[in-house]
Amino acid sequence: MMSFPNSLLDGYRNFMSGRYADARDRYRQLAENGQNPTTLVIACCDSRAAPELIFDAGPGELFVIRNVANMVPPYEPDGHFHSTSAALEFAVQALKVKNIVVMGHGRCGGIRAALDPDAEPLSSGDFIGRWMSLVRPAAEQIGSNDVMTPAERQTALERVSIRNSINNLRSFPDIKALEEEGKLELHGAWFDISTGELWVMDSETLDFIRPEI
Amino acid sequence: MMSFPNSLLDGYRNFMSGRYADARDRYRQLAENGQNPTTLVIACCDSRAAPELIFDAGPGELFVIRNVANMVPPYEPDGHFHSTSAALEFAVQALKVKNIVVMGHGRCGGIRAALDPDAEPLSSGDFIGRWMSLVRPAAEQIGSNDVMTPAERQTALERVSIRNSINNLRSFPDIKALEEEGKLELHGAWFDISTGELWVMDSETLDFIRPEI
Amino acid sequence: MMSFPNSLLDGYRNFMSGRYADARDRYRQLAENGQNPTTLVIACCDSRAAPELIFDAGPGELFVIRNVANMVPPYEPDGHFHSTSAALEFAVQALKVKNIVVMGHGRCGGIRAALDPDAEPLSSGDFIGRWMSLVRPAAEQIGSNDVMTPAERQTALERVSIRNSINNLRSFPDIKALEEEGKLELHGAWFDISTGELWVMDSETLDFIRPEI
Amino acid sequence: MMSFPNSLLDGYRNFMSGRYADARDRYRQLAENGQNPTTLVIACCDSRAAPELIFDAGPGELFVIRNVANMVPPYEPDGHFHSTSAALEFAVQALKVKNIVVMGHGRCGGIRAALDPDAEPLSSGDFIGRWMSLVRPAAEQIGSNDVMTPAERQTALERVSIRNSINNLRSFPDIKALEEEGKLELHGAWFDISTGELWVMDSETLDFIRPEI
């Protein structure tokens, strides 16, 4: 008995008759030669914010980490399992990517939870509560303000969290060194699910601005 | 000064004039009502194996975790940051997904490293070494066999690792309970980058077979 | 001797040969019958944010108050001179406008000053310091946060100040009553000088959003 | 729900496709570098007398205060909110404008009210009554004369009020000092809504005359 979701099999049929058929040689070459992406994107698991769709990226272009709220924890070489740090290490050391993009988005459920003082653990493990504690200091500062609307506070924290993750990227000695040598660039981006607007972080002011399109 | 990669901005322009323009109402509705995906896919960061491409999925359809070698660690409620466990908790408890698909692929760099007895740490943190130790027992069994070719050993471990992750999913009490209640299904899939073939795990035999297309 | 600025006289010549020549009858009729605008706009003195330009408004369309940071003080019937309150009274009671729009803008010098803890009085009278104290409580909340960038804090306060002014409008008994009777609507708007974007306040969430254009 | 007046959104569309599209670079530069207007215009809120239209002024050219009857109160550093004095202070001290133009116009409702002995307060706050008392002494002199027609009395007071405001400008110590140093010029102007005629005050005779066009 095999019960694989039909919706996924239907999509797979479209892939085979469409994109794969069009890019058959590209897939074969990528299989032979291995991947060589120049960009790592750290994105959210959110079903509305897939980087391959937003950046119209084909096979081999983007190495992608996806976790809740597209966060990077600080450097902690403590022998535990570190999914995100392991993928970072692989992208930077093995693939030698030239760009890392921390990509956030509007209406992020993780960020909303971080701003909710009454948020209950989702399970006895409270993995989300612990994970989102990465932005707790910023969440407390922004959440304590009662003049901005909830939506304004959420957008603010979504962007602050991107800067926070970029700072955490620099806590990895190798990333910091490569950035200083000009071999690696760290970028921030924020996607508005509703309007489709992409905002990118200005590397000097750290503000999020809309690029010329 | 703003130095966002032009290749990404070019792709974004295509997205806005293409997919977004076509699905504007869908994006707005998803922003208004929030996401409601029924499927979580745990996939690899590999740039050649994006689930949205392989399953031709649109916005709102797939909640996606991506880490190296699409692995799930065992349940460890120890107060550390657990990127993958946090995302699992969010997908199962908050989004109440009905399906979890652990999706592996051929030519996986993480699995290759796990099979390489001479693999050196990629950095002093050795995050990848620690992360891939999740499949070390299986890697040692398969690696010690010298009758299978390297490619055969790698494909074998790629598939064993998917079953290993599905077993680890069941170490999460809530996931185990929901599966037993018939409210959540756990699936395995393996994608051949070269041929584009999708193989799915038979839920009874645990073999990987090619679905009828 | 008459030393009227030549730049203004040059502009006036353009007006006479252009807009006035085109709208001569409209001007005569407006002189005969008096003005009958249905909208009051409370805008900033800023030279970059003239409402007649942004709303492409002709003669007779907008009754306009302009002060620093487009603010409305609370109702204070204390017998002092109240420029803004007097104009409000005239617009609501004599002209019976149907809409009041509090229109802010980006890069507002007054708001920037309100956020600057080291701001010195501009003169011994310190009129600006006193005037901007209308938003001091909000400025202190937003200014105390050190995770948003200066530009983010300024945009946030520009929008909070618009809501603050709308609340102050409701401290005028007649405005409150007319609004409750459905005879007067209060609106907020924010103009981005750089991009030309107009954001309007959602009357329910109080968020600023971009209208369909 | 968002109920922003459609007439304004229509005008905004014209602005974006017209003036903004034509002056995009100018707006961006003004946003980057800040405003640097050399002229402050103190004009009436009247919908028929927008200085940007009459002087065909583009973005960044005029810093504009608009209150009822374009008046300047005397210097009163009493700690109350002074909308007009605050804007004056900002224009003179922060922007260092070179010209201040007090610009009146025909058919001014505020001046008419000041000349009406039977004028009732418009509301219990009587803000207009208090505000227009700035010209009461002149209004009583001119109103007591029964040989001029009502229209003649009104035009006369409109012009007297402009001179009165210019005298009040000189009650601000810094403005008086800058004018004496030749760093700031004070001007009067009067606009005839019906004919479009602009009359400017001769700085020696204080008469209003029509400039050579």
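Order of writing sets the labels: A, B, C and D. Residues in every chain begin at 1.
The definition used in the following text is that a residue touches a chain if its C-beta (ideal position, glycine included) is under 8 Å from a C-beta of that chain, and two chains touch if they have at least 3 such contacts.
None of these values were measured; they are calculated from a predicted model.
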- [ ] Measure off the straight-line distance from the CA centroid of chain A to the CA centroid of chain C, and report it in whole Å.
- [x] 40
Open item on the list: Quick check: how many Å separate the C-alpha centres of chain A and chain D?
Closed with: 53
- [ ] Quick one: report the Å distance separating chain A from chain B, using the average Cα coordinate of each chain.
- [x] 15
- [ ] Chain touch graph shape: choose line, ring, star, complete or other and state it.
- [x] line
Task: Touch relationships between chains, expressed as pairs - done: A-B, A-C, C-D
Open item on the list: Could you list, by residue number, the parts of chain A that touch chain B in their complex?
Closed with: 1-5, 7-9, 11-16, 18-20, 24, 27-28, 30-32, 34-35, 37-40, 45-48, 50, 52-68, 71, 73, 75-91, 93-94, 99, 101, 106-107, 109-110, 122-128, 130-132, 134, 172-174, 185, 187, 189, 192-194, 196, 198, 200-204, 209, 211, 213
Task: Of all residues in chain A, those that touch chain C in their complex - done: 137-138, 141-142, 144-149, 151-152, 156, 159-160, 163-164, 195, 205-207, 210
